[in-house]
Structures are given as structure tokens and as C-alpha cells.
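Please see the structure below; I have some questions.
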Amino acid sequence: MSIEPPYTLYHPRWYRRRVSVWWWLQKRSYTGFVLRELTSVFVAFFAMVYLWQLHALTQGPEAYGQFLARLRTPLFLALDTIAFLFVLFHAITWFNLTPKAMVVRLRGKRVPDWVIVGLNYAAWLALSGVVAFMLLRGR
Amino acid sequence: MPPTVALTVTRYRPERESEPTRQTYEIPYRKDWVVLDALNHVKDNLDGSLSFRWSCRMGVCGSCGMKVNGTPKLTCATFLSDYMPGPIRVEPLDYFPVVRDLVVDLTDFMRKLKQVKPWIIRKEEKAPAEGEYLQTPDQLDTYKQFSMCINCMLCYSACPIYGLEPSFIGPAAIALAQRYNMDSRDEGKAERLKILSEHDGIWQCTFVGECTKVCPKHVDPAGAIQQYKLTSATDWVKSLLLPWGTR
Amino acid sequence: MMRRITPLLWLLFSAGGTVAALLFPVHLFLTGLAFPLGWLEAPRYEYLHRLLTHPVIRLYLFVLISLPLFHWAHRFRYTLYDGLQLKHLTVLIAALCYGAALLGTASTAYVLWIIP
């Protein structure tokens, strides 16, 4: 542990509890925190799926067709559904926490948190719209 | 309302036991009592050997921090009525060594607090004849929230990172460092950066956010830490792009 | 050494988290659910292939994949360190996480570079 005063004959024995490896299950907020951190695994999962898609696109229409067929299998549909839920959880927690890190001061006054959060959600909607438009106009 | 409520208190007497035990007292229930009143009733009438810290009994000294039903609280600000019908569990703060019963040792925090230099640092002090340092209300507003800290240690007790990594400098120390960093009169940012940018400084924090949740004075240490991460990172980028120095 | 790169790693984590938060939901919804399940018509191969020839699109895709990988690396490293209390393996964990992110970034750069 951290610094300890030197033990003397008359210094009492202090009690230190070891933190259990299951510390994150002992409180609901701790478990929520760990789930939030685990969203990063699904973020990485989808980044890899996208890389796979790009690779398939460069290998010709047949390879791309195989990729699409793979995405239609129950395994990937299940994985993608779970990943989607986790990615949503990441996005929502991320936007809600942004104003804590980014304090914007306009003319000396702090911009209220809900403005920052709102701007994030607005950007999310706008960018999602652009991406959806770009992908859907190619059908 | 029932006439009594059960108060289950952690006891630890190092002279005769190696592990803490629990003892339950039946205390009278009064709807205006706080947990501290209950503990004082026990000490005055039931068991004089119970040891615990308290002082102002009004939420400004930070002495009476303990866990009530698993959550770190100031016992002088925690009403019995919120926990009825009981039993109410009172334990010492987590992650600090227990000295006796409900008393924990806070030397670790005291040392860390000193390390962040929680005082105004100036290259040159103004002579008193030159007058006061002037500060606008907006300048005060940037750090006032962080100055509300009463060093009660509830945040350290709630922070799982502090529990897992006792060398972590911790929420209150960083919040107080920020209180001075953001004070317009202070010029000590670079000095504090040295200790804060260590691996056991701000970078251990993973923004669990529990510290802010339990803080009785609404200091928002989690916010202070994230803000400092951002300023530290932007300063780092600036130092990379402008190595010939800005400060 | 730690003091020098930790701010960079945190910046990558933040940038990656922002990219993932703003762009992954829509991409994942379309590519992983709407298109395979037929809720919306998927883009044709020729259209996607044509999109890929634009350097701006390639840069977008590079950022879309590489930054979230660094976000994962940083976050997962701390999750293992704190959650599973694997303090003694801290160097190994860091090397594996950031190494994997670098590998993914390099692969992405390579795939996007060799597109005709």
C-alpha cells in the first residue's frame, strides 16, 4: 500500500481489506461502468468487420458477395445486434459525459451542459443522415 | 413509527481481534436524528468503547465520513428516516486502513494533498502596498466549485481505481489542484503538472464518476479530472508543435 | 517516457471514441442489420467500388476504422488492468492492445492504398 508510518511497539495493527476481483459486481454503478468500458470491444469488433468489408470490396464482386452472405448468417446477425446495442450505449454515455471534459466558456459564462450534449446529438443526427444518404443513393 | 431501530456497526479492536466484527445496537428512533446522533447515543448510553470521528455536525468539517448501508456518506447529514425500517449498517470508509472501529487513517491523502501544492503559487508576490489581486466574478466562477472540497474523503472511498491502485493520487487531490490551477491569481500550473502527469496522476482515472456521485459538497471531482486531462493533452500538443516554449 | 506518450494515447482514445459515437451507430445499423435483413436496399457493388476511388472517401474510411481501434486499445487496456487486476502484466497488456491497434491501422492503410 502507500506510505506507512513506522510500526512501533505501541502502534496498533491496522486492518486493510483486499479489494475482491469481483469488485465490479458489488454495486450497480460499478457494473454499469464496466459494461460501458466493454463497449469498446464491440467498437473494435465492428471496426474489424468494416475492414473486412473494405478488403472484400477490393477483391471483386464475388468476394464481396461472399462477405454479404456471411453477414446474413444468424451468427453475424446476432453479433451485429448485440454490437449495435453496445455501440448505442457507448454513444449515449459518451455524449452525456462530453460536457464534463469540454467546458466551453462564452463571454465569461460557462455554456450549460445540456447545450453541449444537445450539440453532440445534433451532430450525430446530421452525420448519420449524411452517411445514410451516401449509402442509400447507390442502390 | 417504531420506537427503536437496529444499528449494525463495524467493530475492530486490534488489541484483541485480527478482523473486524459487527455489533448491533437498538437505538431509539427519532425522525430528526441523523446517523451521527445515533452513534453518539450509542457512545453515551450503550457502549462507550465505540470509536468514531466527528466534529462540526453540520457538514463543513469533513470528519464524519463513513459508509452507511454501503454508500460513503457524511453521518451528520444522513437521516435515519431515509433508512427505515432498518437495520442501518455503518462501516468505516473503504480503501483506507482501519485504525479502530469506524476510524480510518488518512495519512495517504494528506501526503498526496501536499504533493499537489494546494496554495497560490506566484513567481513574484505583490507587495501589500500595491493592493489586492483583483478577480472578476466570472474568474471566480471557473474554480469556485472545486474550492468547496471539505476533504471528507468520501470520493476516495467511492473510487474503485483508488481501491485497486492505492498509489493513484485520487479525486480530491486533483480537484484541489485544479482549484488552484484555474485561479487567475495562480502561476503554478507547470509545477503541479509534474506530479499530476505521472502515471499515478490523472491518467489512472477512467472516469467511473462515482466520486462526483458521493461528494456532499457537489465539487464534481470527476469533471475536474476530465478537464485537466484535456488541458494537459492540449498543452502537450502545443509543446510538441511549439517546442521553443510558450510559458 | 510514460509522461510523454500518455497524453497522445488519451487524445487518440478521445478522438476514437467520438468517431465511434458519432458514426458507428448508423454504419453498424445499415451494414450489420438493415442491409442483410433487407429492411433497406443495399448499395450496389459498382457504386461502392466507385466511391472507394475518391481519396476523401478513403481518408474518411481510414479515420473511421483506425481511430476507434485506438479507442478500444486504450479503454480495454485499463479495463483489464483494473477489472481483472492484472497489474503484473501491465507492459504485456499495453503492448498487445496498442500493438493490435497499430496492426489494424496498418492493415487499413494498406487495403485503402492498393485500391486501383
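Quick notes on this structure:
Should a chain be cited, it is by its letter among A, B and C, assigned in written order, with residues numbered from 1 in that chain.
In this text, contacts are C-beta pairs under 8 Å (C-beta built on N, C-alpha and C of every residue); 3 or more make two chains touch, one makes a residue touch a chain.
Computed from a prediction, not measured in an experiment: that's the story for all the values here.
Central chain assignment: A. Criterion: smallest distance from chain C-alpha mean to the mean of all protein C-alpha atoms. Looking at which two chains touch through the most C-beta pairs, you get A-C.
Averaged C-alpha coordinates give centres for chain A and chain B that are 29 Å from one another.
Centre-to-centre separation between chain B and chain C, using Cα means, comes to 37 Å.
The mean-CA centres of chain A and chain C are about 12 angstrom from one another, to the nearest whole unit.
Under the contact definition stated at the top, the residues of chain B that touch 2 or more other chains are 160, 164, 206, 229. The multi-chain contact residues of chain A, meaning those touching 2 or more other chains, are 19, 24, 37, 101. Multi-chain contact residues of chain C, defined as those touching 2 or more other chains: 14, 75, 78-79, 85.
Every residue of chain A that touches chain C in the complex is listed here, in rising order: 19, 21, 24, 34, 37-38, 40-41, 43-44, 46-51, 53-55, 57-58, 61, 64-65, 68, 71-72, 76-77, 80-81, 83-84, 87-88, 90-91, 94-95, 101, 120, 123-124, 127-128, 131-132, 134-139.
Within the complex formed with chain C, the chain B residues making contact are 160-161, 164-165, 197-199, 203, 206, 229, 232-233, 236-237.
Within the complex, the chain A residues that touch chain B are 1-3, 5, 12-17, 19, 23-24, 27, 29-30, 33, 37, 97, 100-103, 105, 108-110. By the touch criterion given at the top, residues 2-3, 6-8, 10-11, 14, 75, 78-79, 82, 85, 87 of chain C touch chain B in their complex.
Within the complex, the chain B residues that touch chain A are 12, 14-15, 18-20, 70, 94-95, 97-100, 105, 107-108, 111, 136, 138, 141-142, 160, 163-164, 166-167, 206-210, 213, 220, 222-223, 226-227, 229-230.
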